[in-house]
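Look for chain A in each of the two complexes below; its partner is chain B in the first and chain C in the second.
Then we have the complex of A and B:
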């Protein structure tokens, strides 16, 4: 009878049994991460789902849950603030991602063209990424100040009137987007710069021999070769932008009025200002579901063309 | 729907008006004969020595009380571990820890609008019972209206002792009003007229007629409530029916929006700190939303440009409406689940004694809650507004005493902010807020659908 894990050495009937831990090494290695994932991701996720269908009250010494079916979801559908914050989040996602990826690509192209001082410049570009978002937001908050901020000072010096950067509902969201662009563009730049440096040289040499111009080379060689990385960068930035909370919360707490309430801010206020954990859980669930659905669609439809089976 | 808990059901009947507040305060004062002030030179009993008390409080207060904490710790061999938090985060942490009786904290510092939630839910120990067991009592030196804030529902026992005597006041620049020959405003119409005149005349030079808070949530709500009350209505009637769709509320909103237009640019994002800065920097000439910590800045010659130029008084009110200020006291309580309640009580009694309160006022600018400190001649000489503050405290009303006030405030505070930012009209703001607050009260079982 064959013994699991036994190896017949050289066909001479001598059998070496691999120890159990070696046979299950893969599981053993992954189990600490798995345990943490279950405790910190799976359990909270299921708790959130269960809360989403409940009215949750904090009572003495415990949490009281009352099953209310889809009532929280019905409230969410009818709540104009939810629709408004979803629209704000979508605008934020697409505008900052577009600008950050475009600027990141432009910078990557510039630096990969061999300009002088690119080492120092790329080091400088990393600085915004390593700064804490709260510190960045506080610094920009002061720069945007109506009375004492540097931007209005410069405008005034140029003979122009001061702008209510953070208190005009028509401007504030875009002013805060600029902060995100300042901090996250280097992320897009770094990934695209690394990808550009690793592109094969042959197609460029061929294009050069054919006498192709720079724009033509970019459009027909660089962009197609860069596309897989570009699409991943777009996906990562979209997901990160969708979760925006810190910068807006620090600078205007979602204001002026509620004009900069994003999905995360609305969920936070429902959960930790109103302490309506059931409703906040329903909103979280809807938000996560939307993000997962969009990301899955993107990966399957957009990135699938570039997926290659691993070499065996 | 399952029946709501007893607290929710009891809430409407235990609404906190001035009469019930005074009744409760009188009851507490009458029931007490001892003097906690005697505890100032007190050393903790031997059985408490070596214990550790965890104290959750606001982050601005922590450095101010640290010297007193160190002094108590070294004299009594009791470690007081301060856990400072920003305002919003403190409420989150207290809500989670107190309701779940985690025992993480032994002393908590609470804003008085939180008391219905924490005391009403019985998440705090009954300090009166603890004191009775130790043969201690709260003395009559506490301003009764402020002490009564810790007794919720009124008459059920003290679950918090006030240590920061915060009261919202109306403040105005005496020099500006005199220069422009404007009488001290008594009604909100007067305030608006004065604000208009000042902004028109001196706005170009950077002096505006009024300062208020327009940031969504607590800031906009807290600036609007005195105006609403000054028009003779409140957020709720005696049956907890929201009152924001009334002619008085609409008039109050119109005034608030008119005032916002006369405030310094950027009013939409102004919070507590900014409004105080605007006052002591001499940028605004009036505000109905000034608090003692800001008064202390206004009177600080190292900070303020308007020392001696600001006076305070009761909130304005329309003719025929009784003016009232608003409390925002901070109270100390002991959470259910604390394993060091005895040591915590000991510290609270010592910490709220007159000597410590006076030192906090004189050294750290923390307003007191005791007559003897607020009337102390040395303190009054340094801070001439103290008699006005005491009078305001005695005439002050708390915010509506419901465990759901945080949610109520988040709702109307957002709509008021939206109206100030021009996202919606004032009327829409009130209609929406009224509907949402009513829905909330129905969901919580306070009102019938």
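Then we have the complex of A and C:
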């Protein structure tokens, strides 16, 4: 990656008089980052891999480890809960991302078609994005309450029976998806809206001279121009959705039963309620591996034309 | 738009109003309920605007349950995280935007940082828990504010680096070169010219990292127990299997949200850019 106007490290003749820390300033500046990276990413990666092949037990004053080969992985493959939580995570990722990006795009189009109070509306939409997920979760938890919640109250007013929003296994996951949609649609909206505003005007003028209809303009002009940003927004939402933990954990602890276990929740339960670090590490490793595979696929195939290093 | 009818306009504004209402409803409802006393809380139909506002939920939470302790923990953790992350990340970002390190190192480091941003925290939290659970130089970092702040700082580091590279790129290079010609050292240029010029960006980045750390849930859940427990964990603790005190829960949600709203207002101008770099969400 070429850095625009980079200072020549060799420094042309000044080298002899400058002290060592001036000459190696660039390395000194990145070294704290590298140190943190080693402590919190490299070392944990090795620990995870070694635990994944071990039976790990907590003993007084530390950890006892015994090599057991692929036993943890064999167990993971046979564990129906693992398959189920993988499937739940995939469903969560795709449903939530699709709805959020579609709604965000629709809102962005609506707003960019000229409306008064755009600024106020955009500011308002920042509120869900930056709100603590826990606060969002308790607010919705209460609205979903069977007895005192506002949703059931409104349903009853309309003559319909109350719904067990968070305790019916057929509904709970989707009810929690709605919470995520509420919080993250504004994120998709703001990025897409900013992108829409910066699109060139010429193609639109050409299209309007040609007398193209709105839908046609959207399909042939807006969508292709927006594609790179759209793909990045989808990627960011997928990454974020894959790690879903807090909302589900706060509202139902992965329940009812284990119906809303996602990858993160299953690993948390194995690791920190059953304290089976070996098994949880094997699951972490598999989770990580599948994410890397998915990301590589996405970047190679979908982002291919956009994968130039974003900055310079 | 060409040929927009009145009917179109009506629908547009109607939709915008409906969406605004949907966005506001949960926030408003939480705040509204947090000021209701016990009898009004369960009233049917629910009062749309609180009729007899009371602070009893807040009193019970802050005084009886001593909730402020978690607030202080959250504040300190977020300050530690933002300070370390911004300090470390700014230095790296400066190096990456001004120097060309050998072996394409710039590219590799930026790419690695993106990968770090992609990792779900759950996959690193077990090794970090084990590492924190054993004494390092006689200190156990588990259940300490510093320990949690440090991990949060690392998690937000990619975000800081990408943000600050953007801000450093906007500084005209002539000014720094003038500094070098005037005989400043390269570090002096960074300290006296680049950082002051990037200060607004630095402040916005600091605020956004603070918010991210304040909101963070999973790491705080695992790496703190009692002494260093943060607000989000304490708020989640209000949901128990028996006797959920909804009033307290709503008040807790409000207390956790308000500081973030104030900070976001301060950093609003840079927020969209922050989002584009992939920060801030929960």
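Following the convention adopted for this analysis, the second predicted complex is superposed on the first by the 280 of 312 C-alpha atoms of A that agree within 3 Å, B and C clash if a C-alpha of one lies under 4 Å from a C-alpha of the other, contacts with A are read in each partner's own complex, and residues count from 1 in each chain.
In the analysis below, a contact is a pair of C-beta atoms (placed from the backbone, for glycine too) under 8 Å apart; a residue touches a chain by one contact, two chains touch by 3 or more.
What you see is a predicted model, and the numbers here were worked out from it, not measured in a lab.
Engineer: So in the superposed three-chain picture, is A:164 touching just chain B, just chain C, both, or none of them (first/second/both/neither)?
Structural biologist: A:164: touches chain B, not chain C.
Engineer: Of the partners chain B and chain C, which touch A:190 in the superposed model: first, second, both, neither?
Structural biologist: second
Engineer: First (chain B), second (chain C), both or neither: which does A:242 touch?
Structural biologist: Touch partner of A:242: chain C, not chain B.
Engineer: After superposition on the shared chain, which partner residues are touched by A:272: those of chain B (first), chain C (second), both, or neither?
Structural biologist: Once the two structures are laid over each other on A, A:272 reaches both partners.
Engineer: Spot which of chain B and chain C makes contact with more residues of chain A, would you?
Structural biologist: Counted on chain A, the partner with more touching residues turns out to be C.
Engineer: One more residue to check, A:62. First (chain B), second (chain C), both or neither?
Structural biologist: A:62 sits against chain B and chain C alike.
Engineer: Name the contact category of A:142: first (chain B only), second (chain C only), both, or neither.
Structural biologist: Only chain C is touched by A:142; chain B is not.
Engineer: Need the overlap of the two footprints on chain A, from chain B and from chain C, as residue ranges.
Structural biologist: Dual-contact residues (chain A): 62-63, 145, 272.
Engineer: Which residues of chain C touch chain A in their complex?
Structural biologist: Going by the criterion above, the answer is residues 1-2, 12-13, 15-16, 19-20, 22-24, 26-27, 29-30, 33, 41-42, 44-46, 87-89, 91-92, 94-102, 104, 106-107, 109-113, 116-131, 133-134, 151, 153-154, 157, 161-162, 165-166, 169, 173, 185-187, 190, 211, 214-215, 217-218, 221-222, 231-233, 235-236, 238-239, 246, 249-250, 252-254, 256-257, 260-261, 264, 268, 271-272, 275-276, 278, 280-282.
Engineer: Which part of chain A faces chain C closely enough to touch in the complex?
Structural biologist: Counting only chain A, the residues touching chain C are 1-7, 9, 18, 21-22, 25-27, 29-30, 32-33, 36-37, 39-41, 43-45, 47-48, 51, 62-63, 107, 110-111, 113-115, 117, 121, 123-143, 145, 148, 150, 153, 157, 182-184, 186-187, 190-191, 194, 208, 214, 236, 239-240, 242-243, 245-247, 249-251, 263-264, 267-268, 271-272, 277, 280-281, 284-285, 287-288, 291, 295, 309, 311-312.
Engineer: Which bits of chain A are touching chain B when the two form their complex?
Structural biologist: 55, 57-64, 66, 81, 145-147, 162, 164, 166-169, 252-259, 269, 272-276
Engineer: Show me the residue ranges of chain B that touch chain A in the complex, using the header's touch definition.
Structural biologist: Against chain A, the touching part of chain B is residues 1-2, 5, 88, 91-92, 95-96, 99-101, 121-123, 214-217, 264-269, 271, 336-337, 406-407, 410-411, 414, 417-423, 443.
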